[in-house]
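Going by the order they are written in, the chains are A, B and C; count residues from 1 in each one.
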Amino acid sequence: MTYQRGLGSLTLAALLSLVAIDFGSHGAVAQEFPTKPVEMTIPWPPGGRTDIMVRLLAPYLEKELGQPVPVVNRVGGGGVTGMTAFKNSRPDGYTISSGGIALSSMQYQKKIGVSLWDFTWFARAYSTPMVLAVPGDSPFKTAKEFLDYAKANTGKLKHGNTGVGSSTHLASEAMAKKLGFKIVQVPYRGEGPAVVGLAGKEADFSLGLMVAFRPFVEANKLRILGVAADVRDENISKIPTLKEQGVNFNYQAFEALHVPNGVPAPVLAKLSTAAKNALTNPELKKKFADIGLTASHQDGPTFTKWLKEWDAQVLAQMKELGLYGRD
Amino acid sequence: MTQVEALIYGFGVAFEYHNLLLCLAGCIIGTLVGVLPGIGPAGALAMLLPVTLSLPPVSAVIMLAGIYYGAMYGGSTTAILINIPGEAASIVTTIDGNRMAQQGRAGPALAIAALGSFVAGTIAVLGLMFVAPPLASVALAFQSPEYVALVILGLTFLSYVSMGSTARAMMMAAAGLLLGTVGNDPVGGVDRFTLGMTDLGGGFGLVPVVVGLFGVSEILVNLYEKDSVRSFTTKIGRLLPTRDDLARSVMPVLRGSGIGFLIGLLPGGNAIIAAILSYAIERRVSKTPERFGNGAIEGVAGPESANNAASISCFVPVLTLGVPTNAIMALLLAALMIHGVLPGPQLINRNPELFWGTIASMHIGNAMLLVLNLPLVGLWVHLLRVPYNYLFPLVLLFCVLGAYTVGNSTFDLFVMIGFGVLGFVMRIAGFEPAPLILAYILGPLLEENLRRALVVSDGTFTMFLERPIALTLLLIAILVPLLSVIAPWFRRVASVVKTSAD
Amino acid sequence: MSVRALSLAFIALWLMLGLYFMLQGLELQLGSISSPGTGFMPFLIGVVLIGFGIMSAIPLLVPAPASEPERLPIQRLRDPAIVVVSMIAYSLALERIGFIASTGVLIVFLTWFVGRTTFLRAAIAGVLATLVCYVVFGLLLGVRLP
C-alpha cells in the first residue's frame, strides 16, 4: 500500500517536472536561442537535390548555432504533406525547412492549402543557372543555330521537362515566349528520366541543371549549347552563355531556407546570421559546387522582395499555359 | 588493365578490413529490414543514409549495396513464410513459396531462394564486369514505346501469375490498374479521384498497400478461417531441398538470372517485371504447369533469381551513366554526390577503386548472404512454430511499422487497414491479390510511357512498328497467349486429321 | 451469405467502380490521341474492368450446382472485426499518445482478447515486443517513432 502510494507520488512528481520543463522552454528568452536542436524538415524523400543540399549545409549551421541540426524527411503527397505539417508547426525557430520553392508552381496547379507566403524566408541558399542541352548528335552545334531553327519551325521542337509545372517546364516556356517560337512539351517524372529521354532523342532539347546532364555530356550523348546566365558560371566556365551567342535568355534554379510565419524577430535574426555565415563559408561553397549548385546567399528581406516578383511572374505564366487549377 | 586484373584490384579494396565489416553489416541490416513486411530496400536506405554520410565513398557504396541486395534476400523470406512480400519484387514469390510453406516445405523453398539468388547474383556480377559498360549505352535505346511494350507484356503475363479463372485474374488486374490511377496524374500533374484528400495526392502508395493487401488481410483471413486461434500450425518438414528440387531449379535459376539481368539494366527497370516474366516463362515452359500455384519449386527459383539479378544489374546505369534506375539507386547516387564522387562513364576510370571495389564486394556480399541465410532457414522455420495467438499481433506490429515509417504518416496506416479489409473480402470471395497489386504497380508506368510516347509521335501508333525492340515485345505479348488458346485447337484438328488418315 | 453471393456482391462493387471511373474519365477529358488527357486511362480501364467483371460474373449467374452452397459463418467475423477496429483505434492514438503507449496497449489487447491468452502472458508479450521494437527501430535504426 505504502509502496503504491510512493510510486504514485513519484509519478506525479515526474509528470509535474515534465510539465514544468515544458513551460520552461516556452519561456526561454530569445537571446539564448537555440537551447535545443534545431530540426531541418524537408518535404522530400532522401537522396533528392534539396536533401543533399540540406545535408551538406546542416553541419555548417550546427557550427553557427551551436546546436545539432538533424535533417528529417517528411514525405508524402508529392511534398504537400511535409509542407503543410511544416506550415502548422510551432514558429519558435526550432524547425526550419527548405525545398519550398517548388510551391511556386504547385500552389497554383491545384488547391493544396499551402502557399509560398505561409512561410518567412530568411535566406537564399543557391541560385544556379540552367543550361540548354541537346542530344549528342543533334544538328544544332550552337545556340544560334538552335534559335534560328526554332523560329523557322515554330511548334516542332520538343522539350523534355522534369514534370508538368516543374521549373524546367516553366523555364522552357519562358524561353520560347521570350524568343518568339512555340514548343511541344514531353513530360517526364523527374530529372533522371528526362535526361535519359533527351539522350535517347525522344526530346529535341532540355533546359536543366548542368549536374544532371554532366555524365551524359562526358559520354558524348548530350551536348550543352549554352548556359542561361548573364555571365559564365564559375563552375562551368568553359560553356558560353546563351547571351554571348545572341540568344538573350537567362533562367535560374534556386532554393531557400524558411520558417513558418510568426517566428519572433530576434530568433529570426539569429537564424539569418547563422545561415549567412554558413552559406558564405568557402568550404561549403566548394561542396555545393561539387554537386553542381552555386551557393549564393541572399538575405531574407532582399530575397523576399525578389520572390514576390517571381511569384507574380509564375502566376501569370501558369495561367497563360493553362496550368492554373486552383479554383 | 584487363577485367581480371581490375577485379583482383577490386578484391584488394573489398577485402580491406573496414570494407568487409561494412559489407557484412550492410547485408545483415539489409536482411533484417527486408524481412520486415513493407520496409523494402528504399526504407532501409532512407533510414541509413545519414549513417553512410560519415563514411568514405567506397565504404559507403559497399555498405549501401550490401543493404540493397540483403533486403532482396530478406524480402523473400517473409514472402515464403507468412505470405507477406518483404518488398514488391517478392510478390511473385508468395504464390508458390507460401504454398510450399503450407505444405511443410518452407525449408526447401527458403533454401532454393537463397541458392538461386546466390547463383543469380554471381552471374549478374560477372555480367556487370564484362558486359556492363557497352550495354549501358544500348539501354538508352529503351525509350517510352519500349516501356509501353514491356509493361503490356508484363500485364498480359499476369494471367500466368494466377491460379484461378483468368477472367477473375484479369478483373483484379483491371482493378489494380484503376487503383493505380488514384492520385497524381503521372503526366498532367492533376489530382485524380483523391476526393479532396491531399494525402492521396501521391496515390495510395506502395508499402501500405502491399502490407495491407498481403499482411493484414492474411492475418484477418487466418483469424476468420481457424476455429480457434490456437489451432494454427504449420507442418515443419525437412529443411533441405531434395535432389529433385535442385534438379528442377537449375534451368529456372539460369533463365531467371538472364531475364533479371537484362531488365535491371534498363533505366527504370523494375525487378517486379523481371519476376513476373520469369514466373510466366517457367510456367509456360514447364511440362507440368498445373503444379504452379500448388508449390512448384520452379515458381520460387525463377522469380527469386530474376529479382536478385535485376537488383545487381540495376547498378549499371547508376555507376556508368549516373542515371538512377529507381528510388534506391537515387539514394545511392546522392550518397556518391555528397562524397564528391561524380557518377558517369568516367567513374570507372576516375575512381576505379569505387567501381571494382563495389563489384568485388558484391561477390563477397553474395557469398556472405548465402552463408547467413542458409543456416537461418532453420531458425525462420522454427519461428513459425510460435503459437499463432502470440505471432499474429507481432506480425501486425511489423506491418504497422512498415506502413507507418515510410512517410511518418498515420494516413498510410489507414490505407493499410483499408487494403487489409479489401484483401480479406477478396480472399474469402475467391479472388487473388497478386494480379491486383502487380497491375497496381505497373499501371502508372504504362500510362506515363504511353502518353509520352503518343506526345512524341504526334498521336500515331506507327512507332511500335518502326522500333524493333518494342515490336518484338508486343508480338510476344500478343502471340504467347494467342498460341496457348489456339494450340489445343490445333492439336484437336491434328488428331482428327490423324485418325481420319488411319 | 454464400460464397457465391459474396463473389457476386464483390464483382458488383467493382462494376460500379468501373462505371464511376469511366464517367469521371469522360469528365476529366479524354483528350486527343496525340495528347491523351487525364481521363484517358481511367476511362479505358473502367471499360476493361467492366468487361472482365461481367465475364467473371457469368459463371456465377448460371444456376447453382446440385450441392448446397455453403453459408459463410458470420460469427467468425468477430475476431477479424475486432482486429480491424483496434487497428483503427491504434492509428488514431499513435500520434497522440506515442508509440510505446499505443503499441503496448495494442499488443497486449490483441494477444489477450483475440489470442485468448491469460492477461499476464499478454502483458509480458506486449511490453516485451514494444520495447524491443522501440529499441531496435527507434533507437538503433533511428526510425522516427512518435
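Basically, a contact is a pair of C-beta atoms (placed from the backbone, for glycine too) under 8 Å apart; a residue touches a chain by one contact, two chains touch by 3 or more.
The shown structure was predicted, so the numbers you read here are calculated from the model rather than taken from an experiment.
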Contact graph of the chains (line, ring, star, complete, other): line
Centre-most chain, if every chain is reduced to its averaged C-alpha atoms: B
Whole-Å gap separating chain A and chain C, where each centre is the average of the chain's CA atoms: 37
Separation of chain B from chain C, taking each centre as the mean of its C-alpha atoms, in whole Å: 22
Centroid distance [mean C-alpha coordinates] between chain B and chain A, Å: 33
Residues of chain C engaged with two or more neighbouring chains: 144
Junction residues of chain A, two or more chains touched: none
Residues within chain B bordering two or more other chains: 50, 187-188, 190, 408, 451, 455
Touch list for chain C against partner chain B, complex: 3, 6-7, 9-11, 14, 17-18, 21, 24, 28, 32-38, 40-42, 45-46, 48-49, 51-53, 55-56, 59, 72, 76-77, 79-80, 83-84, 87-88, 90-92, 94-95, 103, 106-107, 110-111, 114-117, 125-126, 129, 133, 137, 141-145
Interfacial residue positions of chain B with respect to chain A in the complex: 45-46, 49-50, 53, 137, 140-144, 184, 186-191, 198-202, 267-268, 321-324, 327, 330-335, 337-338, 340, 342-346, 406-409, 411-412, 448, 451-452, 455-456
Sites on chain B touched by chain C in the complex: 29, 33, 47-48, 50-51, 165, 167-168, 170-171, 173-175, 177-178, 181, 185, 187-188, 190, 192-193, 216, 219-221, 223-225, 228-230, 388-390, 392-394, 396-397, 400-401, 404-405, 408, 410, 413-414, 417, 420-421, 424-426, 428-431, 443, 447, 450-451, 454-455, 457-460
In the complex, chain A residues that touch chain B: 45-48, 51-52, 55-56, 71, 73-78, 80-81, 84, 109-110, 112-113, 158, 163-165, 184-189, 192-193, 195-197, 199-200, 202-203, 214-216, 218-219, 221, 287, 290-291, 323, 325
